[in-house]
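Chain IDs A, B and C follow the sequence of writing; residue 1 opens each chain.
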């Protein structure tokens, strides 16, 4: 076989190998996605056509000889043959022009293509497919799904281990830090953690039933570390006296009164995702674009983290 | 005919010109009337936001970031609703970009916040391990150019009737008025008031001090701009 | 009388040869820096944190594109124009004091613009529009420079002896007209210093600042009508002008087919302008315009390939020349890369393919197989051919040229294969959903996978730059190489060992 063809075939094979690598590098391969398939088909066609068309002309350089009738004129010594158009080229050009005119006048209008229409169909198909699957997801599967949401959407702020990246966002491996509790007690909180506007009063509204006085600086410190330590250690008395009335004696919250501050719950996470949250660490944005199931799942994942 | 043209350069040039100008007329003009109308919910940029936009342009953020959400499920999942033409009605120039070395920013105001931007612009890889985005530390020192932003507001309101100091309709049925100063002093005061809100959520002490002293570092303007992208 | 050779005057051509090389080095060096900044972000602060404002990726990127396009490529176009123009029109610039003056003025003003552009881009003064970053004061200077170019073209044509215009001249005229029209319309902008406020203040803010006359989608339309055709009239049309002259001249072969030249030329002129919509696929531009962009892109393959095929067929039966001459190798491989990128472009212009390719490195790969493999190779070949004739000396070293050819070819291949993989990988990862229907990857996952490809691209780019430096050195040494006789300069360029 001619060296050229061999070279061409090797080159083509290499490029196809690379393309294959890219496809498998994206995990999951073509996925039956028409767009993926067309892109790869395009890449393949590109290589094969160019390589073999060029080889054809190189062969002509090697074996053919120049001939034809020369034009009368010369420019700086450059002559010009009066050869006819290469047939393949001429036919292709003609066909493409006809195709273009047809497509524009008939093909496209009849097709009534609209990119937004296509989007709506795709999205509807996607949603139907996954709504059917979501229905049966619970337990560990739900946590797994939540992890996938977390890794795609949340890890840029909370870090891949959900540790908050050195205090840049909340560490989700534990319910809450002392500094956050302190701020909330000192200034109150109004983050719609219960889903609706239901503020927690600031220190001027927090009475200690045991001492019948407003909460003191020292008490704030102890109760803050009590809560931050997962409701253990010194400060249980303050908690019982000041906080338990709303957050419950175990800190697990009371429906429609105050949120769980002992552990994460899917409901709490869902509320944070619905309304965002501003606190001692910074501001967390809301996430409208997640659907209800995704919120539930990521809630399960976070609840599971700090268990 | 072609031989004749090749001997008559003037007509040859006219021939070329007509051939190439034709497409422009057919393709570009028809869109001009309709595409510039804003959709409801789109308001002009405030002075500080515009100054931030200039910071964005000055540093060619558009070299890596697009601002165009295409209508694909994967993009609307990642970035939010696909882009609508009218949302860009006040974008001069448009900043769609042509390369996504970093993510799209068309709606970044929806899912990133002031403090996150502050950390990120100072050290992208400190927040997002493996990030290849440069750190923009000098923005914390350089001062934003409010006067030029103000001059641009004046220009667009005079030449293109951009509705400053006029009610524009919002999605929830309310209206919003974006203020433009009557003098450079007033424009600077408006920008500073906005800057204070941003600086309150930031941690960098130099930035906070600067704003307290009536100066606006570039980063504050840039964050105002990014927060406005929704 | 007819046969006595004219004394062509290459003063202006030489000046532009110099800037082609100088700005080529600058532009490609910045390209290599950019490539390594993406692979190893530490390079952003290579000159220290203090200078990072000026050395980071985003500040440098427009400098790269403008240096290679408006520095390297444009200088190359002008260097060849001031050489080819005289020869195929059979008239010397020495015959017209006026044209000589215009040519020199053209060069001097161009240098002024170059300095202004470099300074302004380093300072971050830019309008952000790709390939049209310059603010209005520079735009005005650019228009003046362009008009001078036009005067030179039509002036020389006006006093020509060769009545009928050679193919290359067609393409140079088209370059002039195309860019003139595009540049003017895309740069319609209002200086903000014209505004006055209620308090009567005017001239507020930076005097050079302006706002675009067009907003949003319209601005995008005009910009990509420009951007696409800037490629057409900067990277295609004038480069085709070069190959139509230098390949037949160097090889001594006659052009394969006049008819093919003719149809390719007018086909290209007609079809190119319609295809700009392929930069705006799936954007907010109306569907029909996008479709138009895709269709015409596919049709565009044929007029593009027409010129390339014409060139390859011109070399029919001349394989021994291709094998023997590195100069001809550059041009033949250049045509091949031209065919490759003009097939790749239309494939990427198909809507569904573009859904993956757009915004990714596959586009960057496409850009560089065109610019490195076609534009770069062709300009270097042209300068190699010109050097012996301009300096009346043989090319300093043929073996250096041969090594350069292979080093650069390897560079281009590494560049586009790595970007090919990177682009397709990233495009597919962006689209991927997992078994739960959630996005499979966060954005950063799609960035970190690209690291090896970015590194390979950097190496490819570095090889190309090294080759370019070899080229610069070879041309430099040519100025002091063995003098040659007029008779040695008929076709194949004389080369030292």
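One rule holds in what follows: a contact is a pair of C-beta atoms (placed from the backbone, for glycine too) under 8 Å apart; a residue touches a chain by one contact, two chains touch by 3 or more.
Computed from a prediction, not measured in an experiment: that's the story for all the values here.
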Chain-level touch network, classified as line, ring, star, complete or other: complete
Remotest chain, chain B as reference, centres from CA atoms: C
Rounded Å distance between chain A and chain B, as computed from the means of their C-alpha atoms: 23
Whole-Å gap separating chain A and chain C, where each centre is the average of the chain's CA atoms: 37
Inter-centroid spacing, chain C versus chain B (mean Cα positions, whole Å): 29
Residue list for chain B, restricted to those that touch at least two other chains: 71-73, 77, 128-129
Per-residue multi-chain contacts in chain A, two or more chains: 115, 126, 156
Sequence positions of chain C contacting 2 or more other chains: 164, 282, 292, 355, 431-433, 438-439, 443-444
Complex contacts: residues of chain C adjacent to chain B: 37-38, 41, 44-45, 49, 52-53, 56-59, 61-62, 124-130, 154, 157, 163-165, 170, 173-174, 177-178, 181, 185, 190, 192-199, 201, 204-206, 209, 211-212, 214-223, 225, 229, 262, 266, 269-270, 272-274, 276-277, 279, 282-286, 289, 292, 355, 358-360, 363-364, 430-433, 438-439, 443-444, 447-448
Residues on chain C engaged by chain A in the complex (per definition of touch): 87-88, 90, 162, 164, 166, 245, 248-249, 253-261, 263, 267, 282, 287-288, 290-292, 295-296, 298-299, 301-303, 305-306, 309, 312-319, 322, 336, 339-340, 343-344, 347-348, 350, 352-353, 355-357, 417, 420-425, 427-429, 431-434, 436-444, 449, 490-491
Interfacial residue positions of chain A with respect to chain B in the complex: 115-116, 118-119, 122-123, 126, 156-157, 160, 165, 168-169, 281-289
Chain A - residues contacting chain C, complex: 14-15, 18-19, 21-23, 25-28, 31, 33-36, 38-40, 42-43, 45-46, 49-50, 53-54, 57-58, 60-66, 68, 70-71, 73, 75-86, 89, 92-93, 96-97, 100, 103-104, 108, 113-115, 126, 129-130, 133-134, 137, 144-145, 148-149, 151-153, 155-156, 294, 297
Chain A contact footprint on chain B (complex, rising order): 71-73, 76-77, 80, 82, 110-116, 119, 126-129, 201
